[in-house]
Amino acid sequence: MAIAGGRDGWTRALLAAVAMGIGVAALLIATAVPGALDSRQDRIDARRPASSGDIRAPGDAPAAANTLLMTELFDAAFRDQAVYAALVRAVGPDAPLPPGVTRLPQPGEVIVSPALRDLLASKDGDLFAPRLEGARIAGTIGPAGLAGPGELAYYLGTDKLTLDNDQAVTAFGDTNTAEFSPILALLIVVISVVLLLPIAVLIGTAVRFGGERRDRRLAALRLVGADERMTRRVAAGEALATALLSLAAGAVFFLLGRQVVPLFTLWDVSLNAGDLSPSPLLALAVALAVPALAVAVTMVAMRGVVVEPLGVTRRAGTTRRRLWWRLILPLAGLAALYPLFGDIRSSTVDNRYQIAAGAILLLFGAVALLPWVIDLVVRRIRGGAVPWQLAVRRLQQDSATSARMVNGVAVAVAGTIGLQMLFAGVEGDFRTDTGADTSRADIIAQSTNGDGRELPRRLRAVPGVTSVASILQTTAIKADKPELFTLVFVADCAGLAEALVLERCADGDVFVAKPSGNVLGPYYAAAPGDQILLGADKQLAWTVPAHLREVPGRSDPGGFNRGTGLFITPGAVDTSRFGPLEGWVSLRTDPADPDAIERVRNAAAAVDQRTFVYRLSRVDEANRFVNVRRGLYIGALVTLLLVGASLLVGLLEHLRERRRLLAILVAMGTRRGTLLWSVVWQTVVPVVLGLALAVGFGLTLGAVLLRLVTVPIAVNWAVVGLSVALAAAVMTVVTLLSLPPLWRLTRPDGLRAE
Amino acid sequence: MSIGQTFLGLLESSPRHGYDLKRAYDERFGRTRPLPYGQVYATLSRLLKSGLVEVDSVEPGEGPERKRYAITEAGVTDVDRWLSHAEKPEPYLQSVLYTKVVLALLTDRPAADLLDTQTAEHLRLMRELTRRKDGGDLAEQLICDHALFHLEADLRWLELTAARLDELAREVRSHG
Amino acid sequence: MAKLLVADGLRKAFGQTPALDGASISVGAGEIVAVMGPSGSGKSTLLHCLAGITQPDAGKVRYEGRKLTEMTDRERSALRRGKFGFVFQFGQLVPELTCLENVALPLRMDRVRRREAERRATEWLERLEVTDVAGKRPGEVSGGQGQRVAVARALVANPRVIFADEPTGALDSLNGERVMRLLTQSARESHAAVVLVTHEARVASYSDREVVVRDGRVRDLTGASRG
């Protein structure tokens, strides 16, 4: 009975099912993402060495056959993508295997992830291959050993690892997962609300697709003897059937979408299709909520019409919209959030649901108020040109339909603004100023192992590197007081200038820097005449010369102030006897050559695999925070696009319903421009009002959220402008997309389709 | 239409002279074709003979027209019976038009033209009636409408026949 | 009578189905011509071609000597707006506008000021005996009233030709007669020609002349078929 409405009924049901299906798929993805990220985190944890950080101390029991020496290179990266890189050496035959690896690479062999294998095979392979020291690819890492299918990862076999220097691993798997902070949890809750609410609104809107035609069909049913209750039951049945169809469509979309997921890598996160599986409980909730919502929305819509045997009368229009109940929702939202003011940071109770409920109620306030606002404004409008008159009259007649079209956008924009304010407010919690000065250098390379003398020489030869400053570092102890030690830096004048404020400097000079405050710990500042002992074994005696000058220190390009230390130019001492020196190199590269850093990494790896190479940036943002914010941006955009798509469907349906009228108006000689403009106005007016309301609610939400974290309320108008502009852009695109069909519908021969 | 019963009906409202009777009749029912005097008196004498009317009074003057006629009890009963009985719908089974069409087909004359000519004539008459209706009072309009609906029915038949002329031709010839 | 609108040898096919197959017709200034014919005979297509709504595949349509068939879409649109009026069977009134605004619409589209347009619209509502519905929306008035409003709208801009496609098709005969009487009467008073498409002889009888469309051609019943 439900679907038996002929071809038209099917079209309507399908249209609604597809639109709702998109929403269902979005909900399923939303329920699946936390799980997917969890399983990703599980895999990352699983490949961490158990009890990491165990470096054997001299005198420990000898390495057993079950030991694997391993060093993870945490700075490894290729372009903007992080690389999971580890150097391994099996001590014995029973060395543990990392997950996803079937056999350990021998020295000269490497096990790579499929994505890295593809990279190496591509034309960009030469930018990465040198880091593997020409090792033979001896196998690939299975999905179990990768964070995601797109991850670049390798285990490089090497005999350079030693029991004394490197981590000895006997098992894999570590559960030391970072917890979300209360503020991050708040952010995630609010983000979920902001992203999912428009989708709920979208589903609610989609349920009503083709409502007018449905009503007419119900009228026909009444003609053959159905009473009002029966028509209600039929309508509910239809809504239910459509909702079930939409669940099926949503599941299909979800499964299809899931297959596409492995093709993308966002911010180092790539997921396997299988990772993305909704938690059964949440999926069940979606499966129950969507039909319930569909039936409820239909019943509410039916309340507004009287279906009689010979037609449908609309009850709405005659009743003035009342304000008071529309205000209940946002006020209830505020009431839910008020007790939490200033309480979040220190909060130990789980108040996520309270926050979610408050935010949802507040945002739904915008939905509830919109028709009232449209009514209020449009009722007063008189006159104007013909397109304006047509649009305004249409809105006066039925503000609810237009409001429904804009609801999703309004909720999305309000939520985004509120969230952005919260983000701006708590940004300080997550951003730290690195103190880096990117005008002086853009890459830092640091040797951490072995001798660093070679590093600056090699890096200077790398194409794309325009300037190099380097400082070598070692330690010395005071000969007469061995418990005191000082850092000793060796560099030419250019190199020293990166760490010291030098007025003049010549080869042979020696400087000392002292921090302004108290000297902490065993550090001491050398004075002329002091005898200090240098070298790996602290056997080389050297007397601090009399021409030692004290100069102030300064931060190097990486933002690091070396503080107390002895700074020596090579002419003052024969450094060749100092033993291994740690090297620090700051580099400037050609900005037009973005791959220069890859060549720097290659060259650094050739010196030593464990050389740290990193790009300087002014601020360092906690990674998770960055991810969350990026996720929000993408989510907001996707939501807006979804809402835009539903808006387009709604608009097209409206046009389809008015096909005959449009054709007649064109036959009468109405300029097409007149009709186009009337459609444009008809969209623009609710959009403008909706956005105005959205800005108001967004600012309110933002202010409330900032009160939750006791941050002074500040409005970032640029963000407000951006959100509004984005929404306006989506609406513009939708309107533009509706114009070609309108153009087709307004061809004069449209009259034939009677 | 039965003139006798119409007279009786007119006389029932009030006794009239023959001349008045004719005038009343013409005014209401006989617009296109005034009733000839001869028929008026012939009818009245028939009604007298059957006892449905009687001579109410004879006014001084010359000629039969000075007689005033009134309806009798039997006459009233007759009017009653006439008005309360449904008229037998006339099935124009032996229509002249049909005959013409068949004959045209049999003799290989253009039957379609015949139908067109007839249609045009019907339409012309309908136009005329519509125009008369436009200027007339309600009675006039109803009379014209009656004719218009009949003509319209004829036209439908003409249209239908035109549409099925080929079929009819085959049938007529196979019987011939 | 000077010929206002002349069509010659119109052909139009929709897909494989020919709707017009060499149809010719002429309409004099102020003449009321009924176009009759069974459904599917191409009556409406003929009207659409005559009014410049549809372009025929072949043949010419001239209005006051100007070839409609060679005009641009914009020119034909302007012509329809300025010189033609239209009455359709139903669904032609904009549901959101009041009846008065609907009648004023053609004037407003020709950039007549709102006050003036509504004054003239009110006059036409009076002539068509529907003053009482001026402030109502089309959904609130009866079919007969709606059609009279539509007739008022068709006539308000003082057109030279009214195209009426089954204007009484959705009405009972009494309301139909009233609409036809007012339509033809008003058209005669404004010296507008009427092209009246109908399948009902009684409606057609309000015309000066009938033609019949049969098999995509126009037949003048008074003699040989034309075109």
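Letters A, B and C name the chains as they come in the text, with residue numbers starting at 1 for each one.
Criterion: contacts are C-beta pairs under 8 Å (C-beta built on N, C-alpha and C of every residue); 3 or more make two chains touch, one makes a residue touch a chain.
Chains and their UniProt names: A = Membrane protein; B = PadR family transcriptional regulator; C = ABC transporter ATP-binding protein.
The shown structure was predicted, so the numbers you read here are calculated from the model rather than taken from an experiment.
Treating touching as the only link between chains, describe the layout with one word: line, ring, star, complete or other.
Per interface graph, the chains form a line.
Please state whether B-C or A-C has more C-beta contact pairs across its interface.
A-C
For chain A and chain B, what's the span in angstrom between their mean Cα positions?
Comparing mean C-alpha positions, chain B is 93 Å from chain A.
With chain centres defined as C-alpha means, what is the inter-centre distance between chain B and chain C in Å?
The separation of the two C-alpha centroids amounts to 37 Å.
Can you work out the whole-Å distance between the CA centroids of chain A and chain C?
62
Mind pulling the chain A residues that touch 2 or more other chains?
none
At least two partner chains per residue is the criterion; list those residues in chain C.
Correct list: empty.
Would you pull the chain A residues touching chain C in the complex into a rising list?
The touching residues are 383, 386, 389-390, 393-394, 396-397, 660-661, 664-672, 674, 748-749, 751-752.
Under the stated contact criterion, what part of chain C meets chain B in this complex?
By the definition above, chain C touches chain B via 38, 181, 185, 200-202, 204-208, 210, 212, 214, 219, 221-222.
Going by the contact rule set out above, which residues of chain B touch chain C in the complex?
116-117, 119-120, 122-123, 126-127, 129-130, 134, 148-149, 151-152, 155-156, 159, 162-163
Any idea which chain C residues touch chain A in the complex?
14, 44-45, 48, 51-54, 73, 76-82, 84, 86, 88, 91-92, 94-97, 101, 105-106, 108-109, 114, 137
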